[in-house]
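In what comes next, chain A is part of two complexes: it sits with chain B in the first one and with chain C in the second one.
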Partner chain A sequence: MYPRWLWQACAAPGVFWLLLLFIVPFYAVIGVAFGQLDPIFQNPIPIWNPLHWNFDNTLSILAQFVPGERYWLVFVRTTKYIFFAVAISLLIAYPVAYYISRHARRTKTILLVLLVLPFWVSYLMRMLAWVGLLSPDGLVNNFLIWSHIDTDPPNWLGGHPGTVIFALIYGYIPYMILPLVAALDRIDKSLIEASRDLGMTARQTFFRVTLPLSKMGILGGCVIITLPMFGDYYTPQIVSGSPETSMLGNQIYLYFHGGPQPDVGATLTVVLSLFLAVLMAYYLYSVARAQKDLQ
Partner chain B sequence: MSAVAEETRKPDTAARLLHRVRALVSNPHGRPRALMTITWIYMVWTILPVLIAILFSFNDGRSISVWQGFDATRWYWGDPVNSVWQDPGLQSALWQSLKLAGLDMLIATPLGVLLALGLARWRGYGSRPANFLMLFPLITPEIVMGVSLYLVFQYVYVFVEPSTTAQVLGQVTFSISYVVIVVRGRLLSIGRQYEEAAADLGATPAQCLRLVLLPLMLPAILASTMIVFAISIDNFVIAQWLSCGAGCDTVPIKVYTATRSAPLPSINAVAAIMVYLTLAAVVLAYVVYRFLTRGERAKGQGQSEFAQMGSIDFN
Partner chain C sequence: MTEDNNHGNKTLEGVVKRLGEHGMSRRQALKAIIASGMGVAVSPLVSRVAWGATGPGGLPLARPDKPVTLPMHGDPIADGLKPESGTFTVFNYSDYLYKAVLDKFGEKYDVDVQLTTFANMDQCITKLANRDVDVDVTELTPDRITQATAGKLLQPINHSYIPNLKKNVWPQLHSPFYDRGSRYTVPYACYTTGIGWRSDKVSEDIPNMDNPWSIFWNAQDYKGYAGIINSPREAIGLAMLYRGNTDLNTEDPKVIDQALEDLQELVKVCNPKVNNTEYQTLAQGKSWLHQAWSGDALMNVWWYLPEGQTGDVIQYWTAGKGKAPIQNDVWAVPVFSKKPVLAHLWMNFILEEENAHSNFVNFTGYQPPINSINADSLIAEGTVPEHLSSAVVRPEDFGPGSIQYMTLTAEGQRMWQDAYAQFISGV
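And then the complex of A and B:
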C-alpha cells in the first residue's frame, strides 16, 4: 500500500545523523590515538589511513597497564570500586525488586512511581545532596556525634574510597532495579505454584525456580550500570576529588582538560572501549534476543 | 492463676522485642515484613537526600549543610548578588539548559520518530546494521561519546567550534535512540491492521499516514519528547566536553563546579528549579498521555507504562 522506498527514506536522516556524529567521531578518536605528534608543537596529528597508523604511542601506554605501573593501579582501583558498587547494588536491588514485583499489592503503583522518581532528578543534583549531607558539619556527622556512634567522624569528602563506592551505588542503583522488576514480573506465576505443589519449600522454590528465571534480569542490570560506571569521572571528582581515588575516567578527563595530551587521552579511550566492547556485545546480543521474542 | 494471667498479658519487654525481630526475619505465612522494610528503607534512602537538598535551597544562611532558618525567597531571587535571579552566571546557566533542551526536543524527536518508523517497517538490506547502529549510543559510556565528539569537532568538522551548536549536535546524537525505543515499541504494539483497514476502505497512503498512523503514534511521540527533555536537562558529560567556556555552562556544569569550591544554597535553588520543571513536565506529559490513550488499556496497565517512561533513560 505504501511505496517501497518510503520506510528507507524515513530511516535515512536518522541513520545519516548517527553515521556522521557517532561513527565518524569514533573513527576520529582512533585516528588521533594511532596518529603522530607534531615534532615542534607536540599537538597530535591524526592519521586517517589505517595502513599508516602508528602504534608506538599505544604500545607505550599499554606497557603501563602491566602490574606495578601507573595505569595498572588506576585500572585495578576502578575495577575494584565498580565490583563493590555493583555487588552491593545487587544485594540491595534484588530484594527491593522482588518485593515490588511479588508482594506489593495495593502499594505497587506508589512504589513504582517512587522507583522512577530518581530518573527525573538530575544526577548532579543527587550528588550535590550528598555533598551537603556528608560535609564535615553536615547532618550525617552531626547524627554520628549526637548518637555517640562515632564522636570523631572522618571527613567523608576528603578522599575516602568508601564514599566513592557509596556515591556510585546511590547514583546508579535505580538503573539496576527497573530491569530486575521487569524480569521478575515476566516470570510465570504458575511455575512458582507448580514448584510449591510438587513439595518444594519456599526457599527451594526461590533458589531453584525464581533465581534461575531472573538470571537475565540480574545480568542485564549489572551490565547496564557497569558500562556507565567505567566512564564515570564526575562522581569521584565530586565526592572526593583526591588523586588517591581517581578512576580511569578521571585519567582520560585529565589528559584532555588538565595537562593537554589528547593523544594519550584518545588512546586510553580506545583501550577502555575495547575492554567494554565485550560487555556491550553481550548486552546488544541479549537486547536483540529480547526483541526477537517480542516480534 | 491471676499471676499467670498477669504474666501472659505483660510479657517481658526484651522477649517481646525478640519476638518482633524474629517475626520480621522469619515469617513464612504472613506478609514478608523483612522485604517490606528493606524496600521502604531503600525508598527513603533514595528520595530523602534530594528532599533535604531542596529544603536547603530555602536556607536562611550561606551553608548547604547547616540549617540556619527558613527563607523562602533569598536564594531564588531575594539575595541581591548570589540568588539565582540576580547571579548572571546562574541565570545564564538556567537559560542555556532550557535552550539546549528545547532545541534537542525540536531536532531529536522528528529524527527519532522517522528513524523508528523506518526501523520498524523497513525490511531488507541494511535494516539490521541500522538497528544495531541505533542501539550503540545507548550503551556507550558518555565519556567515550564526549571524547569522540570533542575530537571530531577539532579535527574533522572544524567549522563547528565548541559552542551551543556543538552541544546541541552532541545531545541530539545522544537522545535519538531513546525516541526510537519508545516510538518503535508503540509501533510494534499497534501493528499494521488499522492502516490496512483504512486502505481497504479507500484511503490513499498519505491519508493512511496522516489520519491513522499519526494519531496512533501521538502518545509515544509525546512521551519521547518528554524523555528527550529530561535527559537533555540532566545531561552533564556531553554539554561539558563541548562547552565553549562560561557562556555555555548548563545547570549540571554549574553544580559540578560549585561542589568543588564552597557552594551556596543558590546552587541548590537552581538545581531544585530543574527538578520542579522536570516533575511538572512529567506530570503534564503523563496526563496528556493518559488522555490520548484513554479506553485503550485494561485496568492497572497504566502504571507499567509510567514505569517504562523512566526505565530506558539511563546515563
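And then the complex of A and C:
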C-alpha cells in the first residue's frame, strides 16, 4: 500500500505549474486592468488589492462591446473568422484522423510523425513561408497563370478575409487532428462490430456509433484551436496587415505593445478571457455529461 | 473625509512613493501626477487642480519653435577619465547598428561590445525605468527625452569626451530644441517621412500633384498594394497633412477626429496595409505605394532589389521643411551605466565621419547628420542614385519652422492612440 500523500504529491508539479504560469500572470493582468499608470513612464502599476481596483476604464470599454460599437464589430469579425476556420478545420481534420485511426495500419506511425512535423518549425516561420508562396509573384499565382486556371490571379496578401481564415486553418489544424485521432483510437472496436452485426450499414454505423463516440475529441479539438485563435494577432498581421481583417488580438496587442494605455489592453484581455471561460465551461459540462452517460 | 477620498489618497500616496523611487521629491511627484492628467484617477484632491499642459514631470513640451533646456540631474563625469574595461553594452533597436562598427569600437578600446535590443521606444523606456537591462549607452528618440529626464533615467554628458559633436555634426543639431546645450544627448540618424512608390506601377506624377499626400485617397487602382506606416503618430499625421494641417503635435480633438475619419475613408478607397515593411516590399513588388521614411527608399535600392531590377523604379517624395515630418534619433547615457566613460567615447566614435558613413551605407540606410555626408557627396560617390536625392536629409531641414513629432501630454497620447486603434480596427 502506498501512502495517500504520494498520489497528492504527484499533482504538485501540475499545481505549481498552473499557479506559476497561469493564475499569477492572469491575476497580474487583472491587477493592470484595474490598476494605475506611472505618471511619468506610463507603465502599468498593478493594484493587487481588489478593494482598491478602479473600474472606470472597464465600464467605458464594456460600453464599446454593445452592438454597433468598435469592439463589438471587431469581436463579431473575429468570431466569424474563427467559426469558419474551426468548421473547415474540422471538415479536413476528421477524415484525416479517421483514416489514420481506422485504416492506416503500417503507415500509422509515419503519418502521426508527419502530423507532428510542423511543430518542429516555428509558427511564425510557417506563416512567413506562406507569405512567399502567396505573394503576387509567388508559386501559387505562378501556378494559376501557368495552368490557365486564372490568368489574372488575385493579390492574396492584399487584405483578404479568406487568406486570414486559410492561414488560421493551416496554422492550427494539427492541433485539431491529434485529439481526434486519440478519440477515434479510444472507441471500442467491438461496438462498431456489434453495430454492423446488428444490420447497420457502414454509413449508419459512422453516424450512430463512431461520430457520437468521438464527440469529445471533436469538442476537445475545437476548444484547443479556438482558444489560441481568439488571442491571435500575428496571423492577420502577417498575411494581411489590413485594418479590414484585424482581429480582437490586434487591438489587445496595440494597447499592450506601446503607448499610454496598457490598462485598456489588459481590460480587453480580461473581457476576452471571460467570454472564453464561458466556452470552456460548456466544454467541461459536455465532458462531465459524456462521462456520466458512459457510466 | 469620505471612503472614496480615503481610497484615492491611499492610491495617490502609492504613486507618489513609486515616483520617489525614481528620485523625485514629493512636490515633484505631485506636479508630475497633475501634469500627466492622472489626478482624476488617483485622487479627488488632485483632480481639483487643472491638468497642466506640460509634459512628463511637469517639464515643458519641446517644439522646434519652443526649445527646452532640460534640468541637470547630477553632474557629468569628470574630464580625462580612463575608459573602463570589460563588456560594454549598447541598447538599441535590432538592425539599427552595423556590427562591424561595434566590433571596431571594441577593438579600439579593447573591450567586448554587446548589443541589447528593444522592439520599440515604449519597451526601451520601460526596461530602463525598471532597470531590467544592464546597459551603458542607449538609443532614444527626442519625443522620449523629456520623459527619460523627468524620470531621472539619464545622466548629463561631458562634452570634453565628444569633440566630434562640434567638429562633424550639422550645426543645427549642436544644441537641438529638445535638449538645448545637448545636456543629455548627441544625434544619431535622421530621416524624413514621405511617400515611396514604384514608378512602373503608379502612373500619377506624385511630386507634381497639387496635394501629393492625396495620392493615397485616390489609390483605388492600387488596392491591396498601398500601405501606411504602422505608427499612431505617422498614420494620423499623414491624414492631417492630407488636410493641410502641419501642427502634428496637436491635441485638438476635432483635428484628430477628422484625421480618423479620413483614415477610415482610406480603408474604403484602397484597403491599405498597416506595417513597417516598406523598406523591402517596394523593391519586391509587394507594395506599390507606401507612406515611407527616407531611409526606406534607400534600403529598397541598396539591399532588396531582385536580380535584373533597376533602382530607378523606386521613388521617394517628401514635402520639404515645415510641410513634412523630419526626425532624428539620439544617443544618451543611462544614469546607471557602469561604463560612462566608454559610453561617452561611443558617442564620439559613432559621430566619427568614417564610422557614421559606414554604419549608414553598409547597414542601416538611415543618414547620420554629419557635415561630410551630404546629397552632393553621396550622389557623387554613387551611394545614392540621383533620382533619390529627395531621400537625403539636409541640415537646413532642421531648426525652427520644421515639423517633428514630439512629446504630447498624457491625455494627448491617449487621444492619438485611441484614434489609431479605431483606424486599425477597420470599423
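Some observations on this one:
Just so we're on the same page, the second predicted complex is superposed on the first by the 241 of 295 C-alpha atoms of A that agree within 3 Å, B and C clash if a C-alpha of one lies under 4 Å from a C-alpha of the other, contacts with A are read in each partner's own complex, and residues count from 1 in each chain.
The criterion applied here is as follows: a contact is a pair of C-beta atoms (placed from the backbone, for glycine too) under 8 Å apart; a residue touches a chain by one contact, two chains touch by 3 or more.
Since we're looking at a predicted model, the values are computed, not measured.
By the touch criterion stated above, A:237 is placed in contact with chain B and with chain C alike. Shared-chain residue A:212: touches no atom of chain B or chain C. When the two structures are aligned on the shared chain, A:245 is found in touch with chain C, with no touch to chain B. When the two complexes are overlaid on their common chain A, residue A:135 makes contact with chain B and with chain C alike.
Put chain B and chain C next to each other and count what each touches on chain A; the higher total goes to B. When both complexes are overlaid on chain A, the residue A:260 reaches chain C alone and has no touch with chain B. The residues of chain A shared by its contacts with chain B and with chain C are 135, 137, 237, 241.
Here chain B touches chain A in the complex through residues 28, 31-32, 35-36, 38-39, 42-43, 45-47, 49-50, 52-53, 56, 63-66, 111-112, 114-115, 117-119, 121-122, 124, 126-127, 130, 132-137, 139-145, 147-152, 154-156, 169-170, 172-173, 176, 180, 188, 195-196, 199, 205, 208, 230, 233-234, 236-237, 241, 251-252, 255-256, 258-260, 263, 267-268, 271-272, 274-275, 278-279, 282, 303-304, 306-307, 309-311, 313-315, going by the rule given at the top. Chain contact summary for the complex, chain A toward chain C: residues 36-43, 45, 47, 51-52, 54, 56, 70-71, 73-74, 77, 135-137, 155, 157-159, 237, 240-246, 250-251, 254-255, 257-261.
Per the touch definition, chain C reaches chain A in the complex via residues 7, 10-11, 14-15, 18-19, 22, 29, 32-33, 35-36, 38, 41-42, 56-57, 119-123, 125-126, 129-130, 147, 150-151, 223-225, 227, 232, 267, 271-275, 284-286, 410, 413-414, 417-418, 420-427. On chain A, the positions that touch chain B within their shared complex are 1-3, 6-15, 17-19, 21-26, 28-29, 31-32, 46, 92, 95-96, 98-100, 103-104, 108-109, 111-133, 135, 137-139, 170, 172-175, 178-179, 181-182, 185, 202, 224, 227-228, 230-234, 237-238, 241, 249, 252-253, 256, 262, 265-266, 269, 272-273, 276, 280, 283-284, 287, 294-295.
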